[in-house]
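Order of writing sets the chain letters: A, B, C and D. Residues in each chain are counted from 1.
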Amino acid sequence: MANTFGHLFRITTWGESHGGGVGVVVDGCPPRLPLTEADIQPDLDRRRPGQSKIVSPRKESDTVQILSGTFEGKTLGTPISMWVRNEDARPEAYSEMAAKFRPSHADYTYQAKFGIRAWPGGGRTSARETVGRVAAGAIAKKILRRHYGVEVLAYVRQVQRIVATVDPEKVKAKDIESNIVRCPDPAAAQRMIRLIEKTRRAGDTVGGIVEGIARGVPPGWGEPVFDRLEADLAKAMLSLPASKGFDIGSGFDGILLTGNQHNDPFRAKAGKVYTTSNRSGGIQGGISNGQTIYFRVAFKPVATVMHEQDTVDINFKNTTLKARGRHDPCVLPRAVPVVEAMTALVLMDHALRHQAQCGQAISTPQTTSGIR
Amino acid sequence: MANTFGHLFRITTWGESHGGGVGVVVDGCPPRLPLTEADIQPDLDRRRPGQSKIVSPRKESDTVQILSGTFEGKTLGTPISMWVRNEDARPEAYSEMAAKFRPSHADYTYQAKFGIRAWPGGGRTSARETVGRVAAGAIAKKILRRHYGVEVLAYVRQVQRIVATVDPEKVKAKDIESNIVRCPDPAAAQRMIRLIEKTRRAGDTVGGIVEGIARGVPPGWGEPVFDRLEADLAKAMLSLPASKGFDIGSGFDGILLTGNQHNDPFRAKAGKVYTTSNRSGGIQGGISNGQTIYFRVAFKPVATVMHEQDTVDINFKNTTLKARGRHDPCVLPRAVPVVEAMTALVLMDHALRHQAQCGQAISTPQTTSGIR
Amino acid sequence: MANTFGHLFRITTWGESHGGGVGVVVDGCPPRLPLTEADIQPDLDRRRPGQSKIVSPRKESDTVQILSGTFEGKTLGTPISMWVRNEDARPEAYSEMAAKFRPSHADYTYQAKFGIRAWPGGGRTSARETVGRVAAGAIAKKILRRHYGVEVLAYVRQVQRIVATVDPEKVKAKDIESNIVRCPDPAAAQRMIRLIEKTRRAGDTVGGIVEGIARGVPPGWGEPVFDRLEADLAKAMLSLPASKGFDIGSGFDGILLTGNQHNDPFRAKAGKVYTTSNRSGGIQGGISNGQTIYFRVAFKPVATVMHEQDTVDINFKNTTLKARGRHDPCVLPRAVPVVEAMTALVLMDHALRHQAQCGQAISTPQTTSGIR
Amino acid sequence: MANTFGHLFRITTWGESHGGGVGVVVDGCPPRLPLTEADIQPDLDRRRPGQSKIVSPRKESDTVQILSGTFEGKTLGTPISMWVRNEDARPEAYSEMAAKFRPSHADYTYQAKFGIRAWPGGGRTSARETVGRVAAGAIAKKILRRHYGVEVLAYVRQVQRIVATVDPEKVKAKDIESNIVRCPDPAAAQRMIRLIEKTRRAGDTVGGIVEGIARGVPPGWGEPVFDRLEADLAKAMLSLPASKGFDIGSGFDGILLTGNQHNDPFRAKAGKVYTTSNRSGGIQGGISNGQTIYFRVAFKPVATVMHEQDTVDINFKNTTLKARGRHDPCVLPRAVPVVEAMTALVLMDHALRHQAQCGQAISTPQTTSGIR
């Protein structure tokens, strides 16, 4: 299961940084959805290296090819296999990694687990693996938008100490894409870009926070107990390379309030229920309540720095390592489409799960609540 | 899957707050483990209401009964079914909930999803569901301790603005249990207790942070990509009632550092690799690196407050609600054993997964690394 | 997963023959289904020992209790926990089994796998485990009947060499229940009963064939490739104690025909497609085609015979064993409700899977076929 | 899950008959296994069309390419992605299928389920999908052979009424491969070949029985209750195109015996337990007992015949259809490597499951049985 995500809308990713390529198989996609590579490529372009001056200069066109699961431009309901060929692999840049473990990377742990590792580019541990997630997420986003009216977005909320001001209820995709750091607060964006450039020049890296949102999710998606919507989102986000934290709604800040201050009062208008505040982050008891879902993901500063650092070699001798290769000074601008993809995959899975159990089997009752 | 957790060491919980009882089925437990109710009850006693003056006064002995899966005091390798009978159910205290949705509870979302809900005590949304998790977790903790030398602990790290000083490398179970708030910093513990008592008298509630740790986890547990150890921990923690956030290692605070400051240098001593700092929180690339695993879980202030609040009734008319019933002014002291249980379940599952794939199939190689 | 069956409509069974009881947790049941013990008990009564002169005389009322998942007589959408207490356990009848392995039972293999076994009554290997399946299956049968118009039946088709004449299109539940062997061909039924009684008196046992059918399944249930409807039925049936074979439609007999003889021609009438023969058994390419599903399950003669047999003891010394205890001379009459239950569970799971992927996400197209 | 098989050693297949290609992702493979395309290709060559005069003349080299999961000739423990490009697609041969449903094929049911289908070559319903299974199975076979000493074989046991004489204990791979029908009984093989050739000339098709065996499986593989070894084998076999039945050990024939005749007596020699007959087929209570596993799979005659047959078109009008295209007169010779592959995949999965639960967690006890 390690490389498969989702229960009904399932993806299985494969590929190493410097192998033949990276790809994904999407299983459980509803049939008859119009789908071509043109639906996928834009999100891959947002993720790919070389897109701007503040990301890794590795040259990958990341051109996606759909190998199965569509016919005459529509999905068949069968597995959609997609892949991207690796183009600009330069294993020689990593030859020192064959003999040494990079600090705060996964070289040592993979070696400890498997007794073998593909050291060029970090192999499977490379963030290049997220190509498959983004390709699959583009399909989920399309279905969510077309068939459920759900909009999924993410943006950079914070880089180191620079915090943007953003209203999750109003932020638009074009505001996010209006600058290379993908922060919809233009002033903060410029400061972030300057910080990243300065950091890169210093051979160092910075981290920050990506905020993800979903607007238009109807009440009722999610599951009690283990597969709560926020639990699946948390897993999705902590499965991303370099992520260290997740919180939803009021999150870690909410603990400073009392219950009386924190609760979201319900009100009704025109037969619809809403809350007058949204500290719950759009989810209550694991199930969406119809309000905007929003959450934060903390990304650590990239581990590859151009400074000499203490480490050990594969014979367990103390040594030092100074990174070479082409790397990101800050992972956040490229993490934005990945956070969107994972959010869409979680929501799509829960949309299908909801209609499986609560969709048609039992005819709609005359409940006292009038909800259904 | 909603009510099942784990891939190889799997638990399925069942039960409503005011139904016949709550229980769990544990599947995949290794055979021949000595096991009786005496191994389970102590953790249930740490979770149960009525244990101290700062928790809910509901009177439940929470006496566990093992119905299957053991023979002559040892596990059989077959499913272990355990349950606890509900004793002190007082549905009349919740009668107003039949007609109104409690703010920031799951009444509305369950009704929206299922078109029906067990309103007494919140039914399945009640934290009483965690009885099954704690019972199952006690088994996982026992195996981890006896057979892998892994110690799992949790404690209250923060209540509202009161932050305890704790060293994850040294904290002991008896220090945690030395006071009713389960905070191993005695001075902070006393302040927390006073705050909770004062809050209760005000009819209000407070939240905070529980920190979970695991010491002695060998390098190599965890999986690449989706089922990273931290991803499964994040899901486990966000599946808990009232939890709003999770971070591991440096977490949200780590974003203030640069990569050069943040990285954990490797060193070797006597053929073993360790890191001289532990901002990674014991996990790198989803896989344990042999250092102590530590993470934080944010719990919001309990939603049930004794103040009148705006809400809607089941006919979608605006109204107000003032809670009655027996509730916790702060969920943290009782959340401690639940966090331990979920941590142990995640680790146990990954221990079995590791030995499945990397255990015996391929004979140990002569790797250059000497790790295996 | 060993003790869990199903992907969306999931059951987890637990319990040993002579432990506290046997039970099941049903997860994924649609909400708002009227459900009480009265819906479950009749099928358990058809399965229980002591019901007639041709089955085991063990005295078990097998009275089911629903512990969770319903409220005011309706399902909540949360896990339904049900159990039956063991009443007439007589472990002393099995004391010889503590030291010897019964031939063609699972005593030896459980010991080899787990290094421990609950020898009284065979523990988890006992067919008593099927109580949970039948209880869960009764729920599935009710939903299938009420909400999809699907009727699931099974009956004894053959006992040793006595073959009944039955028309799967017309057979009725009351014909099946009209005699104690559950064979809807009255003449064959009488011969079967006499054979079973004669065999019992000889201290021996007989096997035979149960045929299962499902009428009214709409076209489209089932999945391509691995989770074909017939593949899931095959797994369900081969998971039953004492079953040794499964075939569907023309099955093993179909290999005597040529393709030209074997194919089922399609015809259309009044906008509906049907086949003029049904050698496919209602399933083509893993997916239902709207015709009656029918299949056969072979059950070996019960392994417990009252003759002295060669075996080995737990110290691997050759010895002999002559069974005592209360046993069935023929498992088939009691297997009928179990085959029905498993059939219903498979169909219910696929009904939910179908509506998840093909239900609502993509709006119905104007296909040239007019099918949808 | 429809396109994924296995719990720990998992494969996900993708691809349509006339799309870009067909492939598979293998997840959970142990690391450090020497593996190149040369390990895979021989089994694909046994499966491919055009290999002899009695199979389909479609020209496909079926050259496999490994895209990920290996490094310097060894498995990494990460997903192994493999694919085969479609070469000799001639959709024009199927143009009539765009408008008509082929009898006893899955055209109608796919259309009914998905509202769309890839009609060229049957799309996903084509047996070409089994390429991925065979490629994955080759890996499983290699591990089973090298690391567990388990040999998996299959052969044609029966074509229509021609039944071969084969001893499952002694049959060798080279005997199976000594003729184009893959029947190790030379005399029967020649009669089978003549029958298939004659049938092809008549534009018709024949079916038969493939027998699968596994020798050297240690006692203890398999699971109680639902995931019995024979249940997973049954599912695996009934998931194959054209299969209609499965039985194990004495199977359907065993019902003619009494229990006293049918049981397999245990004997011990030199500290090892064996049975003096093997009607159980090497599995008791779902778990291997150390004897040879053998089972039969019934394959119907191929549905594509060169005769005019009644059918309906996609507008539900009655019509007739006479097949064109390149097809097999008998699927059995090419089914042999597929049955081997699925057998190996089931066993490999259970090998890993066994070592997960019963491998290392609990130290080996001093049982009275001496088994462990």
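Keep this in mind: a contact is a pair of C-beta atoms (placed from the backbone, for glycine too) under 8 Å apart; a residue touches a chain by one contact, two chains touch by 3 or more.
Bear in mind the structure is a predicted one, so any value in this text is a computation, not a measurement.
Chemist: Between B-D and B-C, which chain pair shares more contacting C-beta pairs?
Modeler: B-C
Chemist: Centre-to-centre on C-alpha atoms, which chain is most distant from chain B?
Modeler: Most distant chain from chain B: D.
Chemist: Would you kindly tell me how far, in whole Å, the mean C-alpha position of chain B lies from that of chain A?
Modeler: 25
Chemist: When the centre of a chain is set as the mean of its C-alpha atoms, what distance in Å lies between chain B and chain D?
Modeler: Computed value for the inter-centroid distance: 44 Å.
Chemist: Go ahead and note the Å separation of the Cα centroids belonging to chain B and chain C.
Modeler: Chain B and chain C have C-alpha centres separated by 38 Å.
Chemist: Among the residues of chain B, which are close enough to touch at least two other chains?
Modeler: Residues 1-4, 13, 28, 31-32, 77-78, 113-116, 124, 224, 353, 358, 365 of chain B touch two or more partner chains.
Chemist: Along chain A, where are the residues that touch chain C in the complex?
Modeler: It is residues 8, 28-33, 77-78, 143, 147-148, 224, 351-353, 355-363, 365 of chain A that touch chain C.
Chemist: For the complex, which residues does chain D have touching chain C?
Modeler: 1-5, 7, 13, 101, 103-106, 108-116, 124-125, 129, 158, 160-161, 199, 203-209, 219-228, 230-239, 241, 244-252, 254-268, 271-273, 275-276, 279-281, 283-290, 298-305, 307, 309-312, 314-318, 353-354, 358, 364-365, 367-372
Chemist: Would you tell me which residues of chain A are touching chain D in their complex?
Modeler: Of all residues in chain A, those touching chain D are 1-4, 10, 12-16, 19-23, 25, 27-28, 31-32, 65-69, 71, 74-81, 83, 113-118, 123-124.
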